[in-house]
Amino acid sequence: MGNSWFSRWHFEKRETTSNLVLVMVPVLSVVIGLIFTGLFIALTGKDPLEVYLLMFDGAFGSAYGISETIVKSIPLLICALGLSIAFRMQLWNIGAEGQLYMGAFGATWAALTFPDWPAYQLLPVMMVAGFLAGGLWGLLPAIPRAYFKVNETITTLLMNYIAILWVDYLVVGPWKDPKSFNFPISPQFTEGAILPTLGTSRIHMGLVFGVVVALLLYIVLNYTRWGFEIRVSGESPAAARYAGMNYVKNILLVMFISGGLAGLAGMTEVSAITQRLQHGISPGYGYSAIIIAWLARLHPAAIVLVSVIFGGMLVGGYSIQTSGFSSTTVSMLQGAILFFVVGGEIFVNYRLVRGEKGGK
Amino acid sequence: MKLTRKYLFMFLSILLILSVAVVGCGGGKQASNAPAAGSGDKIKVAFVYVGPVGDAGWSYSHDQGRQYLVKEMPNVETTVVESVPEGADAERVLTELASKGNKVIFATSFGYMDYVEKVAKKFPDVVFLHATGFKTASNVGTYFGREYQARYLSGLVAGKQTQTNLIGYVAAMPIPEVIRGINAFTLGVKEVNPKATVKVVWTNTWYDPAKEKDAAKSLLDANCDVIAQHQDTPAPMQAAEERGKFGIGYNTDMSKFAPKAVLTSPVWNWGPYYVKTVKAVMDKTWKSEQYWGPMSDNIIDLAPFGPMVGEDTKALVAKKKDTILKGQWDVFTGPIKDQQGQVKVQEGQKMTDKEMLGFDWFVQGVDGTIPSAKQ
Amino acid sequence: MVEMINITKRFPGILANDRVSFSVKAGEIHALLGENGAGKSTLMSILTGLYRPDEGEIRIQGTPVDLQSPRDAVAHGIGMVHQHFKLVKPFTVAENIILGLKGIKEVYNLKSIDESVAQLSREYGLHIQPDSPIWQLSVGEQQRAEIVKILFRGAEILILDEPTAVLTPQEAKDLYKTLRKMADLGKAIIVISHKLSEVLAHTDAITVLRGGRSVGTVRTKETSEMELTRMMVGRPVMLETVKNPVNRSSKVLELHNLSALGNRGQFALKEINLDIYGGEIVGIAGVAGNGQRELAEVVAGLRAIERGQKKVDGNDLTLASPKQMIQAGVSYVPEDRLGTGLVPNLNAMENYLLKGVQRMPSGFINWKQVAQETAEVIKKYDIKVPNPKNPVKMLSGGNLQKLLLGREISGKPRLIVTMYPMRGLDVGAMETIRSLLLQERDRGAAVLLISEELEELFALSDRLAVLHGGEVMGVVDPHKTTFEDVGLMMAGKRMAAHG
């Protein structure tokens, strides 16, 4: 080991972490992920730059691409915002996926129960139903967490499967469209149950919800008593109790809101995109949102940005296929970026230091 | 210290979940042939698959057809997008393909129906062909083959082979297409073995090797000794082979995945249809239609038999096939009773195409239920 | 044996060690004395390979060494017993000792390790059973397990960080006996401490650090408490507390036959009767673990009352929540300053707001006002906050306590409950805290002072209640009582006297 090049480098704990570091670590991680995947693409005899350009072009290179990127980023954005509140309180809600499905269920219930209502009545009811269903799904694991310290990471994760299978059950059974020739989909929503879209694109009102929620969240967290309580509770439950804050109540409330927002995302998806309930309404939005919230360091504005980037990555992924590239490239790119981002986290708290001249 | 541990746990959880999620969102392989040399009458044709192409199954059979098309018509340039879920993404993929200059788009899964309809309206110059569907428009046609004919023949093989008189059927979704296959298969089984029953298990997925295998295992556990399938992967066949039992594959010849188990497989042969259709579009003779090709069009056939199939069975199948090919007889010819023993098709009567396309009941001999929608 | 020459270590915004030189000989117990934030911990972290010095040299037995990691330090025979033990609770002593040890085979013979541990323990008089699980051991025994652990790894130089902070006086005495034995057997012992009396009584040499610099090294025999104090704080300190005569007003806190459960479900407080008046300091004496923490928590509303009654200013608050207690004017300076009293990762402003946020009328926070009030407190109590936007975990213990107490008295409370307010503080900070508590008393507040230091209690309290086994053994006037009497009560003897 003595004089080898590696042994002169070692990790040293950072006393403070500057904002620059906080921003640069994920950015550089993404870049390294791109380079890493690029090497593999190059090995297959293709030009990595071309693949990346095609991806970028598919996601952001045309009005249609941009519109589809935004469409994809809407559920990611709303879910990630919801998760960020829970994460701030160090409640590891892994259940946004299931909460989204329950939200879709709630909204569909409203849409199928009151098919004749006009949009201005039905849409608010669907939003409330979606938020409530998702919120209750988030609240359920919060109760054992708050009162008996049952680990919410596991419970929220497992409840995803229940929610997804519940929706599957509904579309296979009671809510199956009689006109679908037994194909497991719910009846198509009536006009009043469909969120308005921007022009002919698929960009829908959900974008407004997302941006408004981001704004509200920023204000609540930084300028309200309750937001402050959330931050304190997340940093130190003992201090929160000591300061007269109701820790248990805040756990329940935060998980309800976190789940409710995911439920709202589910509502926008069924209302605007699929316009009916069906299997697989989310290709893992609730999971991607975890990374988004984390990469954005739980900052609402950053979440908006990262959601759009992730949306672009998903859209670009299909897009390079239409130009003859493998979809596995995108899967690999996402995996590599994730790997480097998570691995890069160590640099947030540590720095690499070059050993003293001469060493031993 | 405590905080750090929590973060670490968080990361591990994320990693775990994402590895699952990323795989879930992922796709498979791509396939694109180089543009044909020379300009001439070049045409771009796109294919959208519900699963990865892989090396067997539904999407693979379509890709075989695509390769046949490319070989027969070098001036055709094809694009493939695979692993496209039957949901919101399908609309974007179809839109992108249409806007990138593809003139013919084959959408190869039932669940694309609404999206094909929507996108086709926006691109009146593009011809959309939707496999297994029933909605048409001036630029949307549907195509399928009378797979029930091959199903019936495979039922004869299964009925001869079973010892326990219990045959398992791993089925995807309770839609008419699948129900029709089960019924035809059961009629074949009953023809040679009136005592046998066909047990049906639904998976509610076209493509999910693990789920398909589990379903097959549950049937094997229930004492079935032949497993038939309406799924995209050879997993049910492998389950049968592991237990030393037999199977009837589907879509493509699945004998290479389970050589000791697979008796035969109803197989698709889309190539000739693709060539015919693309030529018609190029010649501007194409017209919207609901194509439902019989076995005599060679769109559907039976794969070569496994060595365990007896000569008498082979002879019987050949005989029956001959009557089908000649159009002398078809599968759903009365008398046919439903599960309750009621006669649904009178002696000498034949079911119409419309009736067959809307199948929502099982014939006698099927052990299973069709989940029904509340009206 | 160890020489650290001109060590300099910089952290962002702080010069933690400025050309510090320090050397220890084999066979001696050397104290490293200094206020909190003087740079003791940094210097020892450098010696144990946790940090690398920006400048300077370390020599061990005359040879310059480059300690790149804690592993290097261990290899050079340096071992440290941290203030917070690094032991795995469910494991036995022997298992903890081999944990992370190099050169242990996959399949090891725990018995032979047990034997060598037992032998080490005999040799140094450590009295430790190798096969007892850590969780069964007392704090003193755990500390001895830590010492055996580093001895097992071949430590020749032992560093102990505030080793007596967690010990009873008897245990502390025993520890120094052990340390002396080890020194006699040729080890070099470094003790980090801020307790003057202890250092004077048990060490051979003392190096004093102040503000990251070495003030000097003295032979223990040749120095005095006054000289050391002067070296530590750089100015003469009034060790005598000057107190105004007590001026009692109305009853602020009344506890009637109050009982409460401890964390393990047993009765930790039994039939407590105690009144505290405005304008007086009531001290609570007792050996740790006799109901002090439960008493403080009950008063602050953080622990449920099983039986009995609690009143503040005549209002029954038996069932009140922590929030209601705060609103009733009860302040609490908890034992756990950083984690309960203050939030480590929040900045000074946010920590100042911690309690005040409940008073924000609209639910919205006026940060401008908070910043202004925080700045006032920082200035008023001379709290050294390099940057109010940095997390408070970067502040030293004394500054933390000043910030915490400053916040707790900012709302002009009726009652202040403080637990071990001076523990771990340096002389300068201690003096500030004392005078702040007296000022509050003179302002008319009731003060409940829980402490283990009898001197402190006698100096500050107007009345003194003694807790034993969750019961009040008696309430006495410290001016008319001796240490011995109080000591007897702490041991469980009931006194009739009432103050």
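Order of writing sets the labels: A, B and C. Residues in every chain begin at 1.
Methods note: a contact is a pair of C-beta atoms (placed from the backbone, for glycine too) under 8 Å apart; a residue touches a chain by one contact, two chains touch by 3 or more.
By chain, with names taken from UniProt: A = ABC transporter permease; B = BMP family ABC transporter substrate-binding protein.
Predicted, not measured: the structure shown is a model, and the values here were computed from it.
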item	value
Partner chains that subunit A (ABC transporter permease) and subunit C have in common	none
Central chain (distance from its CA mean to the mean of all protein CA atoms)	A
Longest centre-to-centre distance from subunit A (ABC transporter permease), chain (CA-based)	C
Whole-Å gap between the CA centroids of subunit A (ABC transporter permease) and subunit C	44
Chain centre separation (subunit B, subunit C; CA means) in Å	74
Gap in Å, rounded to a whole number, between the CA centres of subunit B and subunit A (ABC transporter permease)	34
Per-residue overlap in subunit C, given as positions that touch at least 2 other chains	none
Multi-partner residues of subunit B (at least 2 other chains)	none
Residue numbers on subunit B that touch subunit A (ABC transporter permease), as the complex places them	4, 6-7, 9-11, 13-15, 17-30, 32, 46, 79-89, 91-93, 95-97, 99-100, 110-111, 114, 134, 173-176, 179, 202, 204-205, 358, 360, 370-375
Residues on subunit C engaged by subunit A (ABC transporter permease) in the complex (per definition of touch)	11-12, 51-52, 66, 68-69, 300, 302, 321-327, 332, 334, 336, 339-346, 350, 353-355, 357-358, 360, 363-365, 367, 390-391, 394
Complex contact set, residues of subunit A (ABC transporter permease) against subunit B	58, 64, 68, 71, 90, 92, 94, 153, 157, 168, 172-178, 180-185, 188, 202, 269, 273-274, 278-281, 283-284, 287-288, 290-291, 294, 314-315, 317-319, 321-328, 330-331, 334-335, 338, 342, 345, 349
Touching residues on subunit A (ABC transporter permease), where the partner in the complex is subunit C	7, 10, 12, 15-16, 222-226, 228-229, 231-232, 235-236, 238-239, 241-246, 353, 355-356, 359-360
